[in-house]
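Going in written order, the chains are labelled A, B, C and D, and every chain counts its residues from 1.
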Amino acid sequence: MNFASDNWAGASPQINAALAEHGGGFAAAYGSSDLDEKARQKIGEIFEKDVSVLFVPTGTAANSLAAALIMKPGGIVLAHRESHMIEDECGAPELLSGGGRLVGVDGIDGKIDPVALAQVLKRHDPPFLHYGRPVGMSITQATEVGTVYRVREIAALTDLAATSKLPVHMDGARFANAIVRLDKTPAELTWKAGIDFVSFGASKNGCWCAEALVIFDRSLQEEAEYLRKRAGHLFSKSRFVAAQYLAWLENDLWLDLARHANSMAEELARRISQSGRVKLAWECEANSVFVYMEEETSTQMRKAGARFYPWHLPAGHTPPGDVPESCGLFRLVTSFATTPAEIESFSRLLERS
Amino acid sequence: MNFASDNWAGASPQINAALAEHGGGFAAAYGSSDLDEKARQKIGEIFEKDVSVLFVPTGTAANSLAAALIMKPGGIVLAHRESHMIEDECGAPELLSGGGRLVGVDGIDGKIDPVALAQVLKRHDPPFLHYGRPVGMSITQATEVGTVYRVREIAALTDLAATSKLPVHMDGARFANAIVRLDKTPAELTWKAGIDFVSFGASKNGCWCAEALVIFDRSLQEEAEYLRKRAGHLFSKSRFVAAQYLAWLENDLWLDLARHANSMAEELARRISQSGRVKLAWECEANSVFVYMEEETSTQMRKAGARFYPWHLPAGHTPPGDVPESCGLFRLVTSFATTPAEIESFSRLLERS
Amino acid sequence: MNFASDNWAGASPQINAALAEHGGGFAAAYGSSDLDEKARQKIGEIFEKDVSVLFVPTGTAANSLAAALIMKPGGIVLAHRESHMIEDECGAPELLSGGGRLVGVDGIDGKIDPVALAQVLKRHDPPFLHYGRPVGMSITQATEVGTVYRVREIAALTDLAATSKLPVHMDGARFANAIVRLDKTPAELTWKAGIDFVSFGASKNGCWCAEALVIFDRSLQEEAEYLRKRAGHLFSKSRFVAAQYLAWLENDLWLDLARHANSMAEELARRISQSGRVKLAWECEANSVFVYMEEETSTQMRKAGARFYPWHLPAGHTPPGDVPESCGLFRLVTSFATTPAEIESFSRLLERS
Amino acid sequence: MNFASDNWAGASPQINAALAEHGGGFAAAYGSSDLDEKARQKIGEIFEKDVSVLFVPTGTAANSLAAALIMKPGGIVLAHRESHMIEDECGAPELLSGGGRLVGVDGIDGKIDPVALAQVLKRHDPPFLHYGRPVGMSITQATEVGTVYRVREIAALTDLAATSKLPVHMDGARFANAIVRLDKTPAELTWKAGIDFVSFGASKNGCWCAEALVIFDRSLQEEAEYLRKRAGHLFSKSRFVAAQYLAWLENDLWLDLARHANSMAEELARRISQSGRVKLAWECEANSVFVYMEEETSTQMRKAGARFYPWHLPAGHTPPGDVPESCGLFRLVTSFATTPAEIESFSRLLERS
């Protein structure tokens, strides 16, 4: 009954097989191998574009590399107030961009509100030297709270950003989960909707360690390479990431894994809602289910072996009136490795708790 | 005939087997799993000490983390003029330590000269605000030029550092190669000889991606964890590094792999010296062979498929009188994956070139 | 009719006289002169404590130096959401602290709300590696919106900070204005109320360029000196700052200048309130008056030569119901150089506009 | 008998008079006043070019701002091994450029040797990702050891830099001393000879605190303004620097003051050479005299009230054979405030010591 996080799951068998397959023989280090190039081309096919791909060790590294690429002195990257970059990266984007800042923008359901964005942009038009200046924006797809931006929602934000000439980054740590939810192509969700860079994460969805910044403007690659190296993020045996990506993208494995995770989340949401013991905080659109649960129940559940975490109430979010004060907000995450049996066990335990 | 670098080799079968074995099931992320703890304990056994172990993605990350741990405002870390930290990390130690600096100290054979070190320390005693102040030292074992510090050589440097109260880091990207060469224990080569931190590298010696900073003073662990996270160096599925270390250290695999690499280097040095076509630049003590070779010969060799790189003449190093000016300096690196057949092919090609 | 800012005023005659007096002869550079020491002692007398004093070029430099002194990796300094450090220093505290961050805390009237502070501290107890950790707090006295913390208000915040072992900095760019308003001693408003560092600003109150970080724990001086030098903030002919401070503190000149500025602000507030053409946004407690004024009126006033700036509506602040939407918020600042005649002219102009 | 440094002198009477003159009335802050613009234009006249001028508090700030303006990720600024930027700024250029590095280039007499520069540039052609890449060069005029680059020497270096497309900065902390020595115009010594930025220092030559970065390409001004603000280097009452520059440049005061300092140095060199008690280390070309002196003599001199500092033997510099080992190297600096009487006293004391 492990719903702690999708990074508590290990690697899928296909990923391990790929590593074993590519372990022998010599190959150029630091991203110059044939396998690296093959993975780059495969990712380009997926995104229907000739892209630059920089493998990095973590999602934080990918996001920080994007922030660094768009940073200028006095620069501010706008992101959702509760985004991973602002709340979960311990200052990495700021440090690795050589002194940049992040500023939070409000919005419910983990999505930047276009009205709030417009207000922030207006405040900085013209930019005021003493405050600093917006130099880019980052949005998260799927969001930190398990919701998914629709294409038109992305476009509304990137249109606003474009009026201030701000490049836009997408934190796609759970990009696959958004793809399968929306039934759109990677291109439609990114560059066709005004996105300039994507942190294209695979680790949370069946790989050991496979993160990449995908850049749609290849002229930025050289700068990005210096930034990656200077951050200590350039793998020597880079083909081990390439091998994971190739296996992950082969025959739509990545979509199958994400589809499974999403359907498990949907099933989990359905089952536990029925129990009457929890209340969904908002609709589950990807692989995270957020619920209000009695603190006491949660304690019992965890004692009984269920794994999941409490979550901070998002700013501006008010629990519905029928949620007692004795309830807390909790996050349950599914992954490629979640089984129906686990959901069954969890649901039964909940009914008994 | 690949002698380009030990990071052109892939992973040994045991490493892949370990990854496959630990891929299933759930485990705590971010270094908190049982496997992570097991690996920490195993590394502690190897070093005969209760150590803190921080897994990181690259050798540069490990070295930079050490630099950051000992950094202070205006601080300078002393390292060999041609060390990896100074010449091959693109400013990562400086950036990741929040603005530190590295200063090169001279010495032949890739080793810091104690006399040169004493002069540098004297210059900074007392420290001069305008210049900045030494805050630590880093030495490399085995060195960048394939030589190995003896225990008394290490102690001579750490004794000097101690007079200025400087903590000492060891860049052990090729630590295993030094261990098997010297037939000393990891403890003897490190904390018993005055070393405070070791970048304990496994990637160059049979792993995919397994680097760790080993810290002998556990009270520093909390600071180190913040530094690692803030650099984007904290793996989510950290157990994949733990699994590699455990397999690598099991039954002395790491020493066997290093012993093989070293003996291949020795054999390579022997064979090509006999050819009369090259001259050893200095004695090979680990898994790198440095030779003077006619530039034309090297071009032919590389055209014929041999892989190896030219090298910058170390500062203060003069080629012997019998080396013609038409010769360049070249590095040949062996690894766990080098075969006698490759050496045979290379030697024959050399004789024909 | 210049109410743009107190830094639009020049220097008082006493300050210029002091510079002329100390311009001749030789004196040790970089803060080591007798005059520097004399100024340090004088400041110590004022604060009734043996203090360290670091002269720096700007208020931003002083605040950043304080932030750097208390920074740790992953560290966060808490400050009011609309504080100068967060809104007007363009990322200097972050850069100069080697990668720190600032996090805004809410509160009306420019003062941190103890309840909001407690919530933030609770969220970080225990600190969460991924978010980062609070390492200090900064409060502003007088605040950016012309209000003044009472001693008990300061103590309430520093008590909370102490429970989390956070050192507390006071941005005293307008410290003198607070002193004369409250009729308390510098000691009562600072270290006796739990403050550890003060940016003790003189530039806005009659000096050309005289800013200092005053540190109550002298053991921090050495670190602070390295931080100051590394930021390019160490004056060579430091005695020119010392001379300004000595003249400024002599015979309570600093208090007289501030008292004048405050009384001019009070008079300005009184006069323009009477006009019925503006509405005070909140009570003026130091040398800034904030008013609601018709945008059209403000345009006319400025065309007629009056100098003042619009201001952003503070977060959480709602204009009273009787303020029409066509009104904006404006700031009027007085200084040692403001004359009753200016206020008279401004008031008459307002009545005519 | 004060020859400690030119920054031990105070300010000339004309500078103090200018401050007194401009102390009254209101003027726009942060560099936007009429006086600031007037000073910018005056500096433009001096350099025969429409320049951007950024006032900053220290020479270190000016140099760091230049470094930051030309920095890129992984970037290296080349400077003389014993330049102020490398040896006397405590890491400020590195920190303030968001993580850049400086690399020392050899050369005697404090001047970069073109042959050494060519070697460094060759090594980085093409740049090697792992090392980093040169992004600019800085030369010092007059140098740290009191010598002066001839125009053709500057051009030789800037020509080499241009082949690698490196912008070139001149650290002109003692620019005036070089101007009067060479009898060339500021334009001839700078942009006409390939210089892109000048740290145009006035503090060491009669001002209290007047440093400026002069930029010949005005399109860089906006970036420079953000960099300056983010470093805490933007003066609020900026006119106090403008006033100093205007007085300093008026009627060639700056050249008169520098001419006096240089002639005092020449006289000092002449007088003490005659004594036979010291030996000039190299020719004095500006306002610093470097001599070999018996350590014992120096101790006696200083006990008797003479002020001067020992100096590190420059790398690659060997004392002539007739200098006993018991001698040390010492620096004597003159300034606008040095009097013939002081030289007389010093010389007599030397003869007696």
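Heads up, the rule we're going with is that contacts are C-beta pairs under 8 Å (C-beta built on N, C-alpha and C of every residue); 3 or more make two chains touch, one makes a residue touch a chain.
Please read all numbers here as calculations on a predicted model, not as lab measurements.
For the pairs C-D and B-C, the larger set of C-beta contacts lies at C-D. Chain B and chain C have Cα centroids lying 51 Å from one another.
If you average the CA atoms of chain B and of chain D, the two centres end up 41 Å from each other. Between the Cα centres of chain C and chain D there is a gap of 34 Å.
Of all residues in chain D, those that touch two or more other chains are 30, 73-74, 89-91, 95, 98-99, 129-130, 132, 226, 229-230, 234. Taken pairwise by the contact criterion, the protein chains are fully connected, each one touching every other. Those residues of chain A lying in contact with chain B across their complex are 2, 4-5, 7-13, 15-17, 19-20, 22-30, 56-61, 64, 89-92, 95-96, 98, 203-204, 208-209, 226, 229-237, 239-240, 307, 337. Those residues of chain A that touch chain D in the shared complex are 30, 68, 72-74, 97-99, 129-130, 132-133, 223, 225-227, 229-230, 234.
Taken in their complex, chain A has these residues touching chain C: 73-75, 87-91, 94-95, 99-101, 123, 129-132, 312.
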